[in-house]
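Common to both upcoming complexes is chain A, partnered first by chain B, then by chain C.
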Partner chain A sequence: MSSIENFIDQPIWDDVEPIPQDDGPDPLAPIAYSHDYSRAMDLFRAITRKKELSERALKLTETIIELNPAHYTVWNYRQQILTAIDYDLNEELNFVDSCAEQNPKNYQVWHHRQIVVDKLNDSSRELPFINGILDDDSKNYHAWSYRQWIIKRFNLWKGELTFVSSLLEKDVRNNSAWNQRYFYIFNNPEEVTEGIINSEIEYAIEKIRLTPHNISPWNYIKGVIEKSGKSIEILENICKELQNADIRSPHLLGSLVDIYENRARAGSNKDKQEAIKICTLLADEHDIIRKKYWEYRKHAIAAY
Partner chain B sequence: MATHPSPAEFAREKHVSYLKTCLEILPHEYESSDTNRMTFAYFCLSGLELLDVLDSTLTPERRRVWIDWIYAQQILPNLDKPAENEQLCGFRGSPFSGSKFDVNGVRDAQLPVDAANLAMTYTALCCLLLLKDDLSRVNRPAIINALQYLQNEDGSFSQTYQSMESDIRFVYCACAISYILNDFSGFNVAKVLDYIKKSQTYDYGIAQSPDQESHGGSTYCAISALRILNRIDEGLLSKDKTIFWCLSRQISGFQGRPNKPPDTCYSFWIGGALKLLGAFDLIDFDSNRTFLLTTQSRHGGFSKWPPELNRFAEWIKYPSDLLHTYMGIAALSLMREPGLVDLDPAINISKRTIDRLINESVFWRE
Partner chain C sequence: MSSTEKSQELLSELHVAYIKSLDTRRDDLEYWLTEHLRLSGVYWGLTALDLLNNVDALDREEVVKYVVSCQHENGGFGAHLRHDPHILYTLYAVQILVIEDAIDAVDIEKIVEYVSSLQDPTTGSFAGDEWGEIDTRFSYSALSCLSLLKRLDAVDVNKAIDFIMKCKNFDGGFGSTPGAESHAGQIFCCVGALAIVNSLHLVDADLLGWWLCERQLKNGGLNGRPEKLEDVCYSWWVLSALSILGRLHWINKDKLIEFVLAAQDPESGGIADRPGDVVDVFHTLFGIAGLSLLGYPGLKPVDPVYCLPKHVVQRIGLAERYHV
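On to the complex of A and B.
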């Protein structure tokens, strides 16, 4: 007998009249519920009708969440119970820890954690917890979203750049980590100086040299250049350097198209021809899946 | 090495029977989608419509009882004290709260157990249209009025009243609902534009909320919302760069984020976004189609990923599911796969259903 079955069939529920779901005569897309889920929900319907906020109701929500962690109404009711019975929120975090480990991509678990930690007003467990989740999946969207909230809410900027750098050391293609780097640089309370911008540009160039076919540092460097009001022309050196080393990454060639197109727009025929030539290379050899795009770019540039 | 197990052809009949089966009874694993049941009904109905068999599948009697079932999920203003639950109006995803089944809807809704959900209101309206209802029993003023309570200060929307789950997905739902009901007076459009602008990232994709990573699903939601509002040029910081971001996600099929593997659903999310941006013809049709066909399951339906070789050189297939089945079919419809009905990429139902909305529903006829 499972522990769930055990709990929902115990005599402590004898005073509760279960309320079955009324799905009408011919329901649309009915779900083949398990016995346990139906029974637990029948009890849930009954106790919410009575507005019972008790220990056993808390345990019941735990049972349902185990079967259906996306049941936002059950989570919401659980939050009411926690407040009503003044439940130990550190104990609650233990529960959320195990829920999140089993369902790391579930919205409700993360929102619940946010509510609990906000109330607890203590972030000490949070970064180690998030790091554990990111260890398993370093691109978990919910984990990154929560991480941004926790950093802002508790002013945990210190150490974040080191953390992000360590993730990029492990996997330089982790776009989530690059995004977090951008978030850190432009949102932390420190002033964004020219020195910081230059060092970020250097950092990205170093990673581009390491993996010229990796789109993430290319996007990052362009983002930093644009945000800081610099010109994309500053990428010409690294592009030429890689080109001379016989590297033909679509991101490198695409960046050259952008640079030459700017100059073509300003009237340079030489750059116009160069841009057209690279578009052809991209369309025919180096980025064939986007052939139609590069041909479209080529025609647009030719029309200047 | 074992031969690749995926059929090279679109297994139309298998998808039809998969969707018909799910419509009658959703397998046990959908228990965890109990609160979103309406969405899964929508995947079945809209999928069968795109496969051009919905009409022939349903008798008028079946349509009638299912229309009634959907109206039984409508949360209506309390008759005596409408102000008490006006924030909760709209549709819920299923009758899990325990109220009595009533084809006239729910009049005594209370938080937290009974509240409408924006995604469920959107998919309920789509289901009604797919079942050829004229929306005459939809309480438009109540739904439009509730939107103001669901929009947050930053412009985003919460899925239910007072929920923390608020992001660009529900911005899209609010726009699609307002379009279907032909009434945009329920929310602040300027704030929506601001929120969408702030959710654009340094690579010009769009994130689920500001500062997060750009993502195919949220990019679709934002662009579709802008298209419905007729504000694409105003809402995008650079339409060209967003188009390039979308095109850059194609690696055979489409990935949802840079450096992630391709996944069936992004052929729709990103394909739909590109269609709305007028740049869909720039994708590589053949690679996309080939990828999608490899994600078909032997038993009907699509899975998230194509089969993978394990270390014993055996092909491991991923199971199909309703979301990826619907998105796979919708993605193929965008490419005009023979035998599929044309899709309206903004509302995500067939174009002929949109025609019926405009010509026959009570809110457009007036």
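On to the complex of A and C.
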């Protein structure tokens, strides 16, 4: 912290009259918090009041952000300064790199970066940067949302499926990567052919076989089936295969309920009875915590 | 008390004392580093106090004066004195004023102007502030705020709905922007917003209800996405959405109540994100609000759409028209 201390106590601030905190009705409360933060905020109040957009003001926002990265008003002011002094935006990305590394879940850091990169109109640093963040936390919501924006904004679809597959190789339970896979398949400029759909279904089935208790590939495959207008019954083989291997995952049994319900709706009494039987199993044995859900399904099916 | 020993009952008195103590900690650096959460903190604390039958524990006049002081020329509210206006804090301000029955203390027309200025006329989305961040959280904030002010006519509601529906995912959930992963917090925002504008018919209630009740883990707690840790705040985000969809009973209530109660601080009050962690006012509200939805005795009922005490929503004449 010594560099911060030096900076805010330097003579370059001699012309600025710091404005102390006014925190409402109890001004007598002794302010015993950190000298650094208090002095920096007093200076910040002073320079924003006189709307000073300068190098030293930029440095001051850096000081405050390092101490309190969620102070969105300071970030906003920093944006104004960047434009006013025509600051080197690549330099700015160096600053954001280090902020994001320390505060990867901070909303301000990500939106600030988005504005800077949009202005810079250069995405060359972005995927490596995001990959670094995802290396530490492969489910960081901000990083994934930003990644989608970058891909669309700069047309960076190439290589995305390989990237997503490599993440799923590492952790097949990474729901964010499954979501990104769906985003890629149905949003990239390439036409979604029958061949692509079939290969995605094959891919998901292979992952289901690997981790039948993992909800993500089940959700994914159902999403692809729905979107492509295929029948839920294409899941029957894999369900039976796993069932015969004595696997009782709620997702597997739930998919069987979906399949039988589909046929029950079309009039098959045998499938109706089968669906009801599995709902009972789920409610009483394999997914007891969601008993009420399975009873609801059972009653809906019984009404066909 | 050992950390493994569970609190079996809601420690209401301790929670009231904890919330009252929050504004007296001005010697802590932490207090100043959370300036940007001050107005939200008042909303979280005040709502929790009202649900705990103790709304008067915060001085009404002081609260209203403080909220008024956070309003800017353009009508929006900042997180604290001299913090920039933002839609999140504008909603918090309106919620607080509605609880205190003091909405006339501010210029409503200005708020309406501010909120409607943030809508993108092409996509129907809402930005958080002039810097243009887009998120379904802001769609909810805008619609909830205008609905509380009875001024939904000031924005293009149909376009707002279009944008929210673009954020609906293949698993039935909703994300922050089109294509973004389903997340329980965003689902609350989208389902709540759709409820406010009478559009719940657009939601696949069975599919989404399944996704939501699937968030319950063996220990009774709820997570916000598959394969993530449980957290008390999802007792609100998940439960409120399930409640709006009429499917609250799909989760195991007893196990969830047990989980939330175990996250209480039995010495100084407050509720943490999960048992054994440090408490904060955010998790204290969402723990209590979740318990209220679950019908925990002694708490006032909470409205799942507005996250306000139900009697407040009823007082301003917003009927429960949202059940599917």
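Basically, the second predicted complex is superposed on the first by the 295 of 304 C-alpha atoms of A that agree within 3 Å, B and C clash if a C-alpha of one lies under 4 Å from a C-alpha of the other, contacts with A are read in each partner's own complex, and residues count from 1 in each chain.
What we mean here is this: a contact is a pair of C-beta atoms (placed from the backbone, for glycine too) under 8 Å apart; a residue touches a chain by one contact, two chains touch by 3 or more.
As the structure is a computational prediction, the values presented were derived from the model and not from experiment.
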Partners on chain A (chain B, chain C) - clash or fit: clash
Which of chain B and chain C A:P212 touches, first, second, both or neither: neither
Chain B versus chain C as contact partner of A:Q80, first or second or both or neither: first
Overlap of the chain B and chain C footprints on chain A, listed as residue numbers: 21-26, 29-34, 37, 41, 45, 48, 67-68, 70-73, 76, 107, 111, 114-115, 139, 141, 144-145, 148, 173-176, 179, 182-183, 187, 214-216, 219-220, 222-224, 226-227, 289-293, 296
Chain A residues within the chain B interface of the complex: 19, 21-34, 37, 41, 45-46, 48-49, 67-73, 76-77, 80, 107-108, 111, 114-115, 139, 141, 144-145, 148, 173-176, 179, 182-183, 187, 214-216, 219-220, 222-224, 226-227, 288-293, 296
Complex interface listing, chain A residues touching chain C: 21-26, 29-34, 37-38, 41, 45, 48, 67-68, 70-73, 76, 79, 107, 111, 114-115, 139, 141, 144-145, 148-149, 173-176, 179-180, 182-183, 187, 214-216, 219-220, 222-224, 226-227, 289-293, 296
Chain C to chain A touching residues, read off their complex: 26-29, 31-33, 35-37, 62, 65-66, 69, 78-79, 81-84, 86, 129, 131-133, 169-171, 175-177, 179-183, 209-211, 213-214, 216, 218, 225-228, 247, 249-252, 255
Residues on chain B engaged by chain A in the complex (per definition of touch): 22-23, 25-28, 30-37, 40-41, 44, 62, 65-66, 68-70, 72, 94-101, 103, 112-113, 115, 127, 159-160, 163-165, 201-203, 208-209, 211-215, 244, 247-248, 250-252, 257-260, 281-284, 287
